[in-house]
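Let me begin by handing over the structure; questions about it come next.
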Amino acid sequence: MSATLDQIFVLLQHWLVSFLPAVLQPFVSVLLGVVVIIGLFPALFAFAVWMERKGLGRIQNRLGPNRVGPFGLLQPIADGIKSLTKEDIVPLSADVVVHFLAPLVLVVAVFMGFAVLPMGRNMVLVDMDAGLLFYFAMGASTELSIFMAGWSSRNKYSLLGAMRAVAQMISYEVPLLMSSVAVVMIAGTLSLTKIVAAQNSYSGVFPHWYIFTPWGLAGFLMYVVSSMAETNRSPFDLPEGESELVAGYFTEYSGFKFALFFLGEYLAMFSISGLGTVLFLGGWSAPFSFLTWVPSWIWFFSKLMMSISVFIWIRGTLPRLRQDQLMNFAWKFVLPMTLLNLFVAALWRFLGEGWERWVICSVILLLAYVVLGRTGMREGKFGPRRYRYAE
Amino acid sequence: MLGEGILKGLWETAKNFTGSYVSADRLTTVEYPEQRIAPIEATRDFPFLVFDEENRDGGDPVWEAGLRCVACQICEKECPPKCIYIERSKDKKLDYLGKAQYYPARFDIDISVCMSCQICVEVCPFDAIKMDTEFELSTTDRFGGLLLDREQLAKPNEYYHKIHPAEAAGVDAHLAEEKVKADAKAKAAAEAKLAAEAKAAADAAAKATGEGA
Amino acid sequence: MTDSYRVGALANDKNKLEGWNRPPVIEPDGEGELLEVAMGPHHPSTHGVFRMDIALDGERVIRLKPVFGYLHRNHEKIGEANSYLASMPYTDRLDYICSLTNNWAYALAVEKLAGQAVPERAEYLRVILGELTRVQNHASSIGFLIQEMGASGTPLMYAYREREKILDLFEAITGSRMMCNYMRFGGCRVDATPAWLDAARKVVAGLPGFVDEVDRLLSSNEILMARTQGVGILRPELAINAGVTGPMLRASGVDYDIRKVDHYSIYDRFNFRVPLGDHWDVYDRFMVRMLEMRESIKILEQALREIPGGPIMDPKAKIRGFRPKPGEAYGRIEAPKGELGFYLISDGGPNPYRYRVRPPSLINLTVLEDMALGENVADVVLIFGSVDIVLGEVDR
Amino acid sequence: MTPLVGYLLVAALLFAIGLAGALTRRNAILVLIGIELMLNAANLNLIAFWRYGPHPELLTGMMFAIFSIAVAAAEAAVGLGLVISIHRHAHTTDLDAMNRMKG
Amino acid sequence: MSFVFYILAALTLAGALAAVLLKNTVHCALALTVAFAGLAFLFLQLDAQFAGFAQVLVYIGAVAILVVFAILLTRGSETPKDGVYSRNWLAGLVIAAGVFAALGWAVLQSVPGLPHETAAPQVSVLQIGNALMTRYVLPLEIVAVLLTLALIGAVIVAMHQKVEAQ
């Protein structure tokens, strides 16, 4: 029974496809998967927006939306209807074609990334051998759409925001890749399904997820930081820092195109969280061996939502960095740490089983963290202060 | 160490997140149209004119006769944004002390200008103008709708007792005291005019019963 | 003036002042063009209606011209046309975050002019309400400062949560939450009931927890430290010469608190300290406000413990027909934002001959360009936020 | 499948377009774009020959293409760096105007 | 499946033509990315997955962005007054046409000798990795050094003036 439940979507797909002639079958089964992804993730987007508004509200001791539908659950739909019915304003001097294409390119590029994410056992659209490479190739294409949006709007704020966004995304793509490469090195494959399979074993009740190794934890933390920057989330949301740049690259967008940007941003967050789940958190595998009867896709999506909540939590807590600090942080802290992490992962592999590798790897990483952190604070000339009082 | 402060901050927000579900101290939101906070004694919004309700026409008190305002125009003069417009009446009528006084033929307050400062209340020597707690005064007519005239402003003393019980009790005691003084004066004067005295006594009895109730 | 008047001492010290020059106007490096940005009045970062015309070289600020006056409402002229009492509610609207201290400063000036005494209980009430005002002003100013840094308003919401409780107290005693119009010449308008005092004690008892909470949330946050430390430095010499007062001045390391200097009201009876900054930057301004909140809570605790009974109004005080003798007076207090002073000249009539406000917000704002030159454009917003202004007071 | 000749013709045309761009445009950046196109045409040839060659499992053509992509990235970085540097110096990216060796 | 090939070829060539012909430099850069994307798809058609993804990652993700940045930094998006084509554009066009004629002739001449269709090779990433680490390790190292040098060189070239100014 639990196996059926686990594979219910796969079986459903097979059943649906079996009605068709054999020639069409592979084509239609891919199409089905695409339709499901295009349907599912925007729905998840609506839910995440609700969750974010509610969660931020509670973090700030507010109620959050609670008027439309039970617990305000229908609020995103109301917002969607509103943005659909709003006037679509294009600035007079804008480059109309590029202005129109930018949100589409963004959403398409982001959707492509989902193709290789395994969302459950046997639940992946295309099981590509170079899946991770494909994912990053698609991620790199989103930068261009952001540039298109900023440049075509003919607005200082938009252009500045776009330049910032692109510079930031390029800078953080490097550590993002580097922290993933450590996993690739250990798993020995670029295929995301195989990476999950490599983590899907247990010693006792505990799983062999990569996050439960020193290099995996460090890599995961670096991955989280870089992914927040990559998706322009707080505290790295400078490209749309409203106190400086109004709304960044989509200042001049309105109505449905604005909604598309919003959607693209959240989808990027989902896909990057999904990738993080796959790389470090064991993808669709259960957190304890006695829980393996729970369908795999439940695990994947609950991990995804967990990481979204962490994104929201961090957004509710931290102020944002400045551009130069952001760049310094990427190049002087995150990148060296990921490079070192790569080295540590290799060491981990060569040291073989045993407790020594735990100690050695943890010590190296901790030391590097402390030293780099201290240097960063000294270079940035900041730190806690003591205050004196007048006599 | 780097990240320490951030972790502390995250802990703090997590505490607030859960706290907003469990402690009313943290979640202070009042969802206005459904939930309301009862207005407290000191609340002030816009002024209204108090009238005494002893003159009853059937069941309803007649506001015009009972208005305490004597159109002295002090409030009009003192009002900081000058939002009170008073026209004094040509004739006089008797007030509760039995003195013949003018009354306002026109008394308008433009509440789109009024800044709820309460100075008109403080300067009024007759306790005729008081602060209301009513704040839901929005209207679609932004000129006429926000210019309140005598009839809209007049509210019975009962109402005043309802919204500011302690303050109203003090005012009534003060008025009663003045009334007693005035009565004593009137009695002395009444020796001369017996007919007038009888009338005043009847008035006082009516007043006393009205006050007692 | 006592010897604690350090400003004067420093200003008279020629050697210290000769070394000081206005920071040189920064020259662009000649590469590329300057980018002229008008921040505000419709820019999302500005408090109220304020415009900064900024010339940028890359992201560096080369020139900054503050443009204000969008909210000018003729406050001083209205004050000269109205009676003394009728100006009181108008002072609420200067710095609409802390109307009670505005009331206090104006009442102080008129009392000096008319030579009125204030009963002790009224002084205590004034101190309690003034310090409550200071706490809520500093809390929301910190919240706004962090809001400028993009913290989704979380600290601001916490500040407003506490402010709500303080405003409830204000409403319970004055009848209004923000436009209190509470103080009168020679005392206060209404007395505090014992129930109110108990409620105030309860609120004050909760305040240290709130300050601790904000402290844990922000003070050691690395991002906040990195953003604010070393940014927007205001040298003490410049601060003194520009007439900057309040937490801004103390964050520049100058020991000048009118509560200590002028000995006005009954502040001599309370035990509190004046925190000073050593680095003169935005972080110092933030922390000085933070520490001042703690000191204010200390004053509140003492005042609520010691408050005596008695009348709250000078029995000789007149509400109607108030005509002070001809003369002039300057009453000033340490408002949350700095020295708030009212200068009044009476010609014996029912309204002042001259009515002048010394608004701390405006005078603190004059050093904005000096603090912002050469800084990153993203920091301008922060520096502006750290000045803590209310446009109602700047433009009057 | 498409025969090899199709790919070769596309590559030749792409090369010619790139060459034409590099030779006819004034803007230095567009000249670089033309060169990129030519490089890509070469890559297409390499991959096509690898695919249709006798020993695709040796990966020679593919490796060549991958290395070529890497080198092209380096070329673009340095080339554009040069253009920016020249622009700083001469305040133009017009190649016709850059006719002096002295700044 | 040659239908797909024609579409992709047309896309690539149209992108390339637009990149060369358009007036606005930023449009040129965007058209260039279309050409790059078309090429990446052509690589996929040729069963070279890895090369195709590398093409997208490097060309669209990096080179196109670099070009765009360079255009903005040099104010290249403003169309110059005196035309976008060089003075001797005719000569350039003739040379390009000549080169194409020669290449096309050569290709068409050798059609009979061209190798025939073969089965799609199954190349896994693992194989590519192994090849990079064994047979092609020397070129890999050289490319690594070259990339590092290019990085440093580009930074120095672009930073030149700034260093002087300080």
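Letters A, B, C, D and E mark the chains in the order given here, with residues in each chain numbered from 1 onward.
Keep in mind that, in the parts below, a contact is a pair of C-beta atoms (placed from the backbone, for glycine too) under 8 Å apart; a residue touches a chain by one contact, two chains touch by 3 or more.
Keep in mind it's a predicted model, so treat the numbers as computed, not measured.
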Required minimum of steps from subunit A to subunit E, each step between chains that touch: 1
Subunit E and subunit D - chains in contact with each: none
Which two chains share the largest set of C-beta contact pairs: D-E
Chain whose Cα centroid lies nearest the overall Cα centroid: A
Of all other chains, the one whose Cα centre sits farthest from subunit B: D
Subunit A and subunit B: spacing of chain centres that average the CA atoms, whole Å: 60
Inter-chain centre distance, subunit A versus subunit D - centres from mean C-alpha coordinates, in Å: 34
Interchain centroid distance [CA atoms averaged], subunit B/subunit E, Å: 82
Euclidean distance of C-alpha centroids - subunit A vs subunit C, Å: 44
Subunit A residues counted as touching two or more neighbouring chains: 59-62, 316-318, 377
Residues within subunit D bordering two or more other chains: 88
Interface hub residues of subunit B, defined as touching at least two other chains: 2-3, 6, 9, 12-13, 16, 26, 28
Complex interface listing, subunit A residues touching subunit E: 95, 98, 128-130, 133-134, 136-141, 143-144, 147-148, 151, 159, 163, 166, 170, 173, 188-191
Subunit A partner contacts - residues on subunit C that touch it in the complex: 35, 37, 43-45, 59, 146-154, 157-158, 161, 217, 219-227, 229-230, 255, 257, 260, 273-279, 283-284, 287-288, 291, 376-379, 381
Residues of subunit A that touch subunit B when the two form their complex: 55, 58-63, 66, 313-314, 316-318, 369-370, 372-374, 376-377
Residues of subunit E defined as touching subunit D within the complex: 1-2, 5, 9, 12-13, 16-17, 19-20, 25, 28-29, 32, 35-36, 39, 42-43, 45-48, 50-51, 54-55, 58-59, 62-63, 66-67, 69-71, 73-76, 80, 83-87, 89, 91-93, 95-97, 99-100, 103-104, 107-108, 111, 114-118, 121, 123, 127-128, 131-132, 136, 139-140, 143, 146-147, 149-151, 153-155, 157-158, 160-161
Contact set on subunit D toward subunit E in their complex: 1-10, 12-27, 29-30, 32-34, 36-37, 40, 43-44, 47-48, 50-54, 56-59, 62-63, 65-67, 69-78, 80-85, 87-89, 93-96
